[in-house]
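To keep things simple, chains are lettered A, B, C and D as they appear, and every chain counts its residues starting from 1.
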C-alpha cells in the first residue's frame, strides 16, 4: 500500500542510457522496482542492466504494460519526453530532471490535466514506498517501512527527515518529493488527498520551504477535509528576502509565502510545527499515541 | 421551428456601429430578428436603431439574455470578438466577416469546441428561418417559409437557389450559409444532423463547390444516417485546376475534391444531383411527392 | 501568397533549416560578381511560380562557368508554363544520398494543421498518395502549439527511416512547423529534404502564406506574383476578383459561388467562359464600369454574360454602370444582362430606357450569351 | 536573470511597446556625443538591479547640461544598496497625465500566467495589494496562447479606466504577454505605464528571464549580473550555488533544502550563517575543495558547518576533500563535519586518520560550529 505506486507498478525509464539514468536504473532494480523498459532515441535495441531499450515510448508501450515513467533526460529535452509519455497513455510521470524551463513545465501540466495523468516534479527526487518500490533517486536504505507519509519540496531534506523518522522506529508509508520548481505537477493538496484515502498512512509530515503558497493551500485543505495528524517543518527561515537559495521555488516574494505565514496556517489548521528536525519524530510519536 | 434559431432567439451584434454592421442591424430588425444589444469597444452608451451599445460583451450579457452573436468586425479583429463572445458564454456565434486569417479561425474553433459552442462561418451570409428570424446578411425577401432545408458554402448561390425554391412554391425551413473559408465552424455533417431532427424540414438542398472534402463527408453521413431526401448542386465544374476562384476554399487540389467525386459520392449515398439550378426545384418536387 | 523558392529558402534560413548556399541573379552580367564564390558543378533554377518546373525545362546544370552563362542566358526571360523567368537561383549541385518529403498544411476536416512525411522525396506527393499510400504518414501534432521531436521519431520508426537521420529530421520538422504557425502559412513544404554528405538539407521550398494574414507580416517579401496576368493585376488593384480563362464569353457577377455557377451554365449550354469575374458584394457603379472595362481589354471576347442577383448589391448601380460602359465603349461585345434583386425595378427601367434587355432568368440569359458568341465567332 | 531597465526597454522596442527615447552612457565623457540629441529637462536613472532605486537616490533630474553632468557624475560608480552603478540611462522628463501598473508573472497555484493591472501605477504593487486590493485586478488569460484585447477592455471597464486609453492599453498588454511567453520570462512589468501627451508609454521596465530557458535565447543580452558578488560569481562558474550572508559561520551542504535547514539550525543555536553554499548532488572531491577554498576567501569566517547527508554524494569524496583543503590551507577556520550516507564508513575513517571528528547528528554538529564561532569571536 501507500500512495501512487506499489510493488507491482511497472516502470519505464526515459533517458535510460545516460550516465545518471543508467546509474539510478541499477539502484532502483536493486531496490526491487519493476523496471520493464527504457527509452533513448537512437539507442533502441540495446539493454541497460538487462532492461530492453527502445527508440520511442510508443514501441515500449506496444511491448510492455507500463504504469509509470521516470524521466532522466536533460532539461531542454524534458518537454519532449514528458509529452511523449503522456501521448502514449502513461498515467504517472515522474520528472527527476532539474533546470526545466518554466514554460515547458506549464505546457506539460496543461497536457497532463487534459489526459487525467499525474506528473511528479520536475526537479524532484521521486516517490518511494519503503520495502516495495522506489521511482526516484533517493537513497533507499534511509527509508524504513512504517505509517508516516512524507511530502517534501526538497530532496535532501526529505532524506534527512525520513532517516530521522525511520531511526525513531516509526517508519514511512510513502515519501513523495514534489519538486522545488515554481511549476510542479502534483501539489501538496493533491498528495494529501491521496494520503487521506490510504489506510496505511496514519500521520503526514510536510517538509516545506520559503516561497510559493503550496503550504498555505495545504493548510486550508487540512483544516476543511484532512483527518490525520500533520507535522510540518519549514526550511529557509533565515534565507534573506529576495535572494535565490538554489531552488527556483524558494524566493521570498511576498508576505503570504514567508515561513511565519506558513507556520501560522498549519497551526490554525490543527497541525503541529517542528522548529528543528529532531523535534519531528518526537511530535509524531506524541500525536500518534493520542 | 427549423434549425439553430427561432423567432425567440435573442441576438447580440458585435461591430454594431460600423457601416456594415449598422446597415444589417436595421435590415435584421426590419425582418423581425430579436436584436437586444450591440458591442463596439469605445462606443458604449450609444444606441443604433434603438439597440443599446456596450463596450464589452460582458456588460451586454450582464444586461440582457443573449442566445447568439453576429460578428461584423473587420478580419483582423474577428478572433478577439469571437473569443470574447465564447468566453462570455454565448453558444451560437455567426461570423459574417470575410478575410479572417486561417490561424485565427483554427483558434476560434478550438475554443468553441472546448466550450461546446457552435460557430457559423467565417465568411458566410448567416442563417435564416424564413418568416421568423434571420441572423445574417441575406436578402430576406427571396426566402419563403417552407419545408426545404438549405446548406450552402456560397452566399450568393444560396440566395439564387433559395429564390428558385421559394418561387417554385416549396419554400425554405432554414437556410444556412456555412462559409467559403478553408476552416469553418459548423460543417455540412453537423448541419445535416440538425436537419435530421427538425420535423419541419422534409428535404435538404446541398449547395457545394469545388475544393475541400465537406460534401464527401456529408455524403458518408447521408448514406449511413440521414433519412430525408437530398438534392445537391455543385458550382465550379469549369473552374481551372489550381486557380483561385475568389473563395479561399475553392481550390481544386486533389482528386477527392473534384465536382465529379462529390457528385458520385452524393449519388452513391442515395442523393440526387442537379446539373443546372433550375433542375433543383423540379427534383425536389419529385422526391417530396414520393 | 505563394513564395518563390528563394523566398522560402530565406525563411528557412531564419528558422535555422539548413539548405545549400545559393546566389540569386536577374541578369547574365551579374555572374561576374559571383564567379569566385561558385563551386562547380552547379544547378540553375528558374524562379517561377509553376508546378513541374523541372520537367518544363526550368532547371539546368552547368559544370563550368561557360555552361553556367549559357544556362542563365537560356533561362532568363524564358516563358515557363506561361510565366516569365525574371530571376534564377544558382546553387552547388549536391550529391544526394537519400531524399525525404516533409510538408505541413491544413486539414480542413480536422480543423488542424497536418504533417506529411515520406521517404519518397523528390517525387510528386499527390501522385505518391495514389500509387503508394503506405509510404506516406500524415498526422496532426499532439499539441497545436508545436511539433515535438518524438512525433517525428514515431513516424520515422514506422516508415523505417535510418536512425542517423532522426535527430535532424525531428529538428527540421519542428522548425518548419514553427515557421508554418508563426508566418501564417497554408503550406510549408520541403521536397526534397535531402541527405548530403550525411547532413539533411532543404533542396527546394514551397511556402504559401495566408493572404488574409499578410497584414501582420510586414517582414515577409512582397508577392512578385507572376501568377497573375497584367489584366488580373489591374483588377486586383480595383478589388475585383478576376481570373482570365481560355474561352470567349466574359462572365461577371457578384459572389464567387454565383460566378462559378454562371461559368458552369455557359459551359452547359456549349459555350466557353473567358473569365471568372467577381465584383463582390455591394459593387458601386464606378467599380462595375471599371470591371467591364478591364474585361473588355481581354482579346477575343464575343459576348459578356452579366449575372446579377442583387442582395447587398443594388441593381440600379449595376444598370447605370452598364449604360455608362456601353456609351464609353461603342465597340464592346454585346452584354447579356440578368438582373434581379434589390432595386431591380429601377435598374431594369434604366436599361430599358437605353434599349438594353434585362433577363430575369439566369439560365435563359446564359443561353443567350452562348448563342451570341456562337454567331459572332462565325463573323 | 533579471534584466536592467534599459535591456527591458530594448525588448519593449522589439515588441512594439512605446517608451521615451533614451541614451545609455557609462562615463561623463560620453555626454558630449549625445548633447545635441537631448531635450531638457531630463531624468537620469542608475542602471542597478535593486528594488526601490528611486528612494535610494538612484534617480536624478537635470534641467540643463550642467546639471546633467553633475547628476551623471554623482550616479556613476556610486553604490546603491551595495551595487555599483556602471551605466546610467538618460531620458526626457515627461509630463505624466495618468499612470497604470501592468505586470505579467506566473501563478504557481493555478499553474498559469497571470496578468496584473491597476491604475495606481508608479507605486509598489505589493504594498498596494495590501492597502487597496480593490484597485488591482488579476486574471489568467482566457487562452494561454495569447492575451486578447477584450480581456483588457473588461478589466478596464471594471476599474473605470478612461475609454481613450483602452485600445493602447489592450495593445501594449497583448505585446507584453507575447514578450513574456516568447522570451521565457518569469516577470514582465511596466510600472508605470504612463499617459504622456495622450499616448501610453512604458517609463520603466522589470523583466526577469527564466534561467533554465536561457539556452534557447542567444539573442538576449548577457546577465551583467551585479547582484552577485565576485566570490558568488567564482562559485557560479564552478557550478556551486553560493550566497554570501552577513554572519560568521560558513554553511555548506548538498541540496538546497538541507543547506537552508542547516542555516536555520545555526540560527536556532544562536549563530549567524555566513553563507548558503550548495554543492548539489554527487559533488566530487575537487568540486568540494574548490567550494571550501571559495568560502575561505570570505572575510571573518569563524567556523564552517559542513552538513553532508550522502545520497548521490559519496562521503569518502567529501572526506578526502576536507583533508586536502585543510592541508592546503593551514590557516582555515575549523570545519565541523557531519557525515552520514553513502560510503560514510570510509569517509569517517579518512577523517579519523587525519584527526578530524565526524558527527552523525546534524544538530550536535551545528551546535558545535556555533560554539566554536562564539569562542573564536572572543579572540
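Quick note on the criterion: a residue touches a chain if its C-beta (ideal position, glycine included) is under 8 Å from a C-beta of that chain, and two chains touch if they have at least 3 such contacts.
If you're wondering where the values come from, they're calculated on a predicted model, not measured in any experiment.
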(message) Can you give me the shortest step count from chain A to chain B, moving only between touching chains?
(response) 2
(message) Measuring centre to centre with CA averages, how many angstrom lie between chain B and chain C?
(response) 27
(request) Find the geometric centre of each of chain C and chain D from their Cα atoms only, then give the gap between the two centres in Å, rounded to an integer. (result) 53
(request) Between chain A and chain C, tell me the centre distance in angstrom, where each centre is the average of that chain's C-alpha atoms. (result) 55
(message) Quick check: what residues of chain A touch more than one other chain, meaning two or more?
(response) none
(message) Residues touching two or more other chains, restricted to chain D: which are they?
(response) 145
(message) Can you tell me, using the touch rule above, whether these chains form a line, ring, star, complete graph or other shape?
(response) ring
(message) On the basis of the stated criterion, which chains touch which? Give every pair.
(response) A-C, A-D, B-C, B-D
(request) Name, in rising order, each residue of chain D that touches chain A in their complex. (result) 51, 106, 108-109, 111-113, 126, 129-130, 144, 181, 184, 186, 210-213, 215-216, 241, 243, 245, 253-261, 263-268, 273, 276, 278, 281, 309-312, 340-342, 361-363
(request) Please name which positions on chain B make contact with chain C in the complex. (result) 75-76, 99-104, 106, 109-110, 137-139, 142, 152-160, 163, 180, 182-183, 187, 207, 209-210, 212-214, 217, 233, 235-240, 242-250, 253-255, 275-278
(message) Please output the residues of chain D touching chain B within their complex, sorted ascending.
(response) 142-143, 145, 148-151, 153-154, 157, 163, 166-167
(request) Enumerate the contact residues on chain B facing chain D in the complex. (result) 41-42, 44, 55-59, 79-81, 83-84, 87, 107, 111
